[in-house]
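After this come two complexes, each holding chain A, first together with chain B and then together with chain C.
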Partner chain A sequence: MTAPLVLPAPAHRTRQAAGRTRTQVLLYAFVCLAVFVIPLLIDSDFLLNKIARYIVLGMLAMSLALSWGYAGILNLGQAMSFGLGSYAMAMALKLKTVPVHTGPEGLPDFMVWNNVPSLPWFWEPFHSLGFAIAAGIIVPVCAAAALGWFMFRGRVTGVYVAIITLAAMVVVNLVIIDQQRFTGGFNGITDLAQLKLFDITFDAYGRSTYYLVACCLTASLFLALAVTKTKAGLIIQAIRDHENRVRYFGYDVAAYKIFAFSLSAAIAGLAGMLYTVVMEFASPTFLGVPLSLSVVVWCAVGGRQSLVGAFLGAVLVAGMQGALSESKTFLETWTLVMGGLFVIVVLFLPKGLAGIAELLSVRIARLRQRRNATVAEPKPTEVGP
Partner chain B sequence: MTAHLQLSDVSVSFNGFVAVNALNLAVGKGELRCLIGPNGAGKTTALDLICGKIKPTAGSITLRNTELTALEEHQIARAGVGRKFQVPSVFKELTVRENLQVAYSKRTGVFANVMRSCRGEETDGLDMLAQLVGLENALDKPAAYLSHGQTQWLEIGMLVAQDTELILMDEPTAGMTAQETLKTADLFNRLKGKHTLLVVEHDMGFVKAIGDVISVMHQGRLLAEGTAAEVERNEEVRRAYLGSGGITGA
Partner chain C sequence: MDDALQQFITGLSIASILLLVALGLSIIYGAMGIINLAHGEFVMLGAYAAWALQTQLQIGLFASLIPIFLLVALFGWLIEHFVLRFLYARPLDTILATWGIGVMLQQAVRLLAGGELRYVQMPVDLSHSIDIAGVPVSVYRLFLFAAALALFALTWFLMNRTTFGVKLRAVIQDRSISSAFGINPGQVYGITFAYGAGLAGLAGALVSPLKSVSPEMGTGYVVDAFMVVVLGGVQSLVGTVASAFVLGELSGVIAFLQNDTIAKALVFLAIIVLIRFRPEGLFTARVRA
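Moving on, here comes the complex of A and B:
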């Protein structure tokens, strides 16, 4: 990216950390701005909807980068939070759908088919959209906090965390499929009303939905970035680096990990809600293993230690997946192409695409430093690589 | 004088192997105590027991009359125990400045720290601290790029930033040049009084330069205690060190 070039030279003492933060903020702002500009260049509602979908998936990848890249918690069940958020939104929109598709007293159609006499108690509060939106974030957060409490208080680390999170997601997935009477089972929840918020109707194929997604992306991207810049964010990175050492400085490691894990779940839940709005349905595949593992791949490709990198990685790879699987030439082989790409990235770019950007910015910074070199750091031995 | 740190009849065994056996140790406030002994004497284990890395099977450990054995590691640290490990343990992916910021842990709660930016009021203090440990030119370098000696210094600096009442040092001068060792001795002499220090060391020159009272451990027990001269004269200590060239060669 060209962002580092925009940086004004610091007045006196070079504060690399402050400079890096400024570069990052500029880069993030640039990406968000680009997201907002896209609709001005695109005429097709269908394409816009597809891009909105990729952006939501990018948010999901970004949420995983927060827990995996920053806190070192590899959550293979990140789609669990995503799916819970998605179902919360779908339940509310299902209850608002036009009466033609519903049973008596607005009973959802699949409940009629499954001989459910009346709306179950846990569906009742979803008549309120405000409740649904709150639930779409609070339920995933509580689920993550509870799971995190057991794992991190019990000092479960590494691959076991990956296994437990994956298993937890599969359990939720199976319960949803199994409880067809209440959840729509395999079919998910379809035939939804359009989201109406503050007198704006969010048609999945309209610009309003796209801008809603873009706003949520900007907010969550900057929220996550801000958290990583706080002292807590620093401690979380220290935990990723050397968990046991952090304890001896008086920090409760489990509390910090639960915090990172839950914050990541909150963003994933928000993304899930948006996904329902964009896709116009909720399905058990939203918290399925294939999606959840894809998120890990997107993160790895984009660069898990960079929030915006993970976002771009997801948009890029998911976009390519879409394009390849629809093209005639790659109809049969597109998974092979994707697999090859993943192997190449993992082998040659361990930090993902963000690694390239980082390398470039370091080079540029070094060049600028050498040009401005006066008294700072006389290092005669420094030779270029 | 009531002891600042008190170990009473502390024992720990691993699968039947008794690493520390009814250890009694009392360190006064502001004292710099050196802990020496042959390999396998249980010195590092004793430090592990104090900082909570290992839980004792019997006995009690108190700091300022606070029982430490019931607390978790982070609670022990909050109670006022800082620890430097034998293998320098710093955050390699973080810069030197970030390492010091993490170590500066006046506030430890998650939500207190979410509200705080990293560039707080302590920055200037940490810059001075970096100067003290000779890392002022490496502040923005990742700790992974430091030499072994510098890493040792960084961890010592982190303990100063943590500013605990009791500081446990496990072989702080390992891998340092003679000059660096001298500088470390100087720093330790400045720290004592304000902090209570317990230092495990093999370098007898260093021990003599800093230690008022030396405790000698052997086979998980306290063998002798006294000034350097007294300890060197002690018949039992000589016997324990036999085969490794006497106490100065240990």
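Moving on, here comes the complex of A and C:
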């Protein structure tokens, strides 16, 4: 097979693209900087914990934007990777809990209640925190790669992808609920120890946890941005726009899709682990249908084709919901308003809030161009008598 | 032997409820290609309407069926007219829009009727049970089975033996050519969606005496109904009946052998595998490109 012919892009085009990338990097850096500055302005540990929670959810939405907005894979089961990561972390932290919450030989309390005689084999390796952190990323990636291989090799597209991913997540969710002896069932895994890494203790209500979350956000945001700028990233976007055309060029479409799908799962898994640290428990609702659909909503509101847009959309919507949940009537009306807002966004703003920003920046650029043109043109007349 | 028969009848009862809910979805999704995530909320609206008519106006379940159908159909028509009409070119976005509508409907009902569970009285004439070959069977469940078949027959007749059905099938095949022949596709779609929504409302009213009525009751139905439609094959009404039967019996049997949760998980797993290898559904003979 010969390599596909690539024509060099016209010089002004590449210059434009480079300019766009620079603006993008600046914007992303600004957002991350803002995330790091927040704790300096906030005194309340409780509030800081809440914000850390929204940031983690924002990471989850960002991971979906990577697969939905860039690769065109609408994954309605994005919370599956999130939940798997969250459980991996919870299992490790559970095994480190104080004796009150464990039975003889460090058996977790819910296993004692369920008459489990000894620690099951798949719990054993979670005594090692390193293993748990690796598992929190590798397990979701393997699950996504297997599911992706299963779907994309069979050229399943569009709506069917949405249905399969949703169904797969429901299956995992049901199994976790059903296997109460090993997973804690409906209650999930609670009463966890605090994460201890490199002699730093990450208290959920402390600054250390917040900065951990912020660092992970920055790393994954820039990693995802970098991937979209590589050749593979461009091919992934081409597949989103016209799958068959890319296939005729000789690219292995399924491989690229599996790659995007798995990378997105890795980030979601990382977010899941952080969520356990921030929330101090893991629950089957972390991989439930309501959360998974909410992620899609955040992504759509923020802008599915913008990583940072999806992140901000999640922080905005989830944060607003959290702020209003103090009062019951507010929350109830808010849910009603959110449903309506969402319908309006879908109808009129398919690119979400990021679409508005893009539109504005294009307008401003055009205005500036026009002003430059008007400034440049009258010059010859000025030289007159 | 009795156990097997009992199992079979339980499965049949699950199947008839599945068919009732899936019939409307089969038309909306199969014919119009809209992923209607608000379908469960239409079912919920029907159940609440039955409850409201019974407790507020003392109207029995039978007398309220037709008003409920019309009411929910009107809802459906409004939603099609003001939202979905603009999304036919973006089928994936219908998932998002209808989800938003579902959230709104759920919340509106919660605000109006309260979040607590409600109960609808079973019609007195049907509240006893009879013996079939030594197995006691609730008459109301038999009635549901008959109602599901009757509604299926009605829908089949509407789609295949009336002018409206011909128009609808023409619009599905080629929207622009059918409009060149003087069919108004917007109107046809509006009525179709309204009919599908009305059927969902009826389903909700009919199952309400068996289940408790709550604002969240719809979410479970919509997933199951989708599985029925996907398994049966898009655009195939007969397939929908067959797959409702298969899924109902399957969940009945597995639930008997294992438990409800595992039954559900296995059915979902089977459907994932099925979509991968036969996306056109089990019971469709041919698919038009």
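The rule is short, and it goes like this: the second predicted complex is superposed on the first by the 351 of 385 C-alpha atoms of A that agree within 3 Å, B and C clash if a C-alpha of one lies under 4 Å from a C-alpha of the other, contacts with A are read in each partner's own complex, and residues count from 1 in each chain.
Heads up, the rule we're going with is that a contact is a pair of C-beta atoms (placed from the backbone, for glycine too) under 8 Å apart; a residue touches a chain by one contact, two chains touch by 3 or more.
Since the structure is predicted, the reported quantities are computational estimates derived from the model, not experimental observations.
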| item | value |
| --- | --- |
| Partner chain(s) touched by A:Ile177 [first = chain B, second = chain C, both, neither] | second |
| Greater chain A contact set [chain C / chain B] | C |
| Partner chain(s) touched by A:Val112 [first = chain B, second = chain C, both, neither] | neither |
| A:Ile163 touches, of chain B and chain C: first, second, both or neither? | second |
| First, second, both or neither for A:Ile364, with chain B first and chain C second | neither |
| Which superposed partner A:Lys229 touches (first chain B, second chain C, both, neither) | first |
| Which of chain B and chain C A:Val253 touches, first, second, both or neither | first |
| Touching partner for A:Met320 - first (chain B), second (chain C), both, neither | neither |
| Touched partner set for A:Ala18, first chain B, second chain C, both or neither | first |
| Chain B-facing residues of chain A, complex | 16-18, 227, 229-235, 237-238, 240-242, 244-253, 255-256, 259, 377 |
| Sites on chain A touched by chain C in the complex | 74, 76, 150-151, 154, 156, 158-160, 162-164, 166-168, 170-171, 174-175, 177-178, 289, 293, 296-297, 300, 332-333, 335-336, 338-343, 346-347, 350 |
| Chain A-touching residues of chain C, taken from the complex the two chains share | 35, 83, 86-87, 90-93, 95-97, 99-104, 107-108, 110-111, 219, 223, 226-227, 230, 259, 261-262, 264-265, 268-269, 271-272, 275-277, 279 |
| Contacting residues of chain B [partner chain A, same complex] | 51, 72-75, 77-78, 81-83, 85, 89-95, 97-99, 101-103, 105, 108-110, 113-120, 137, 140, 158, 162 |
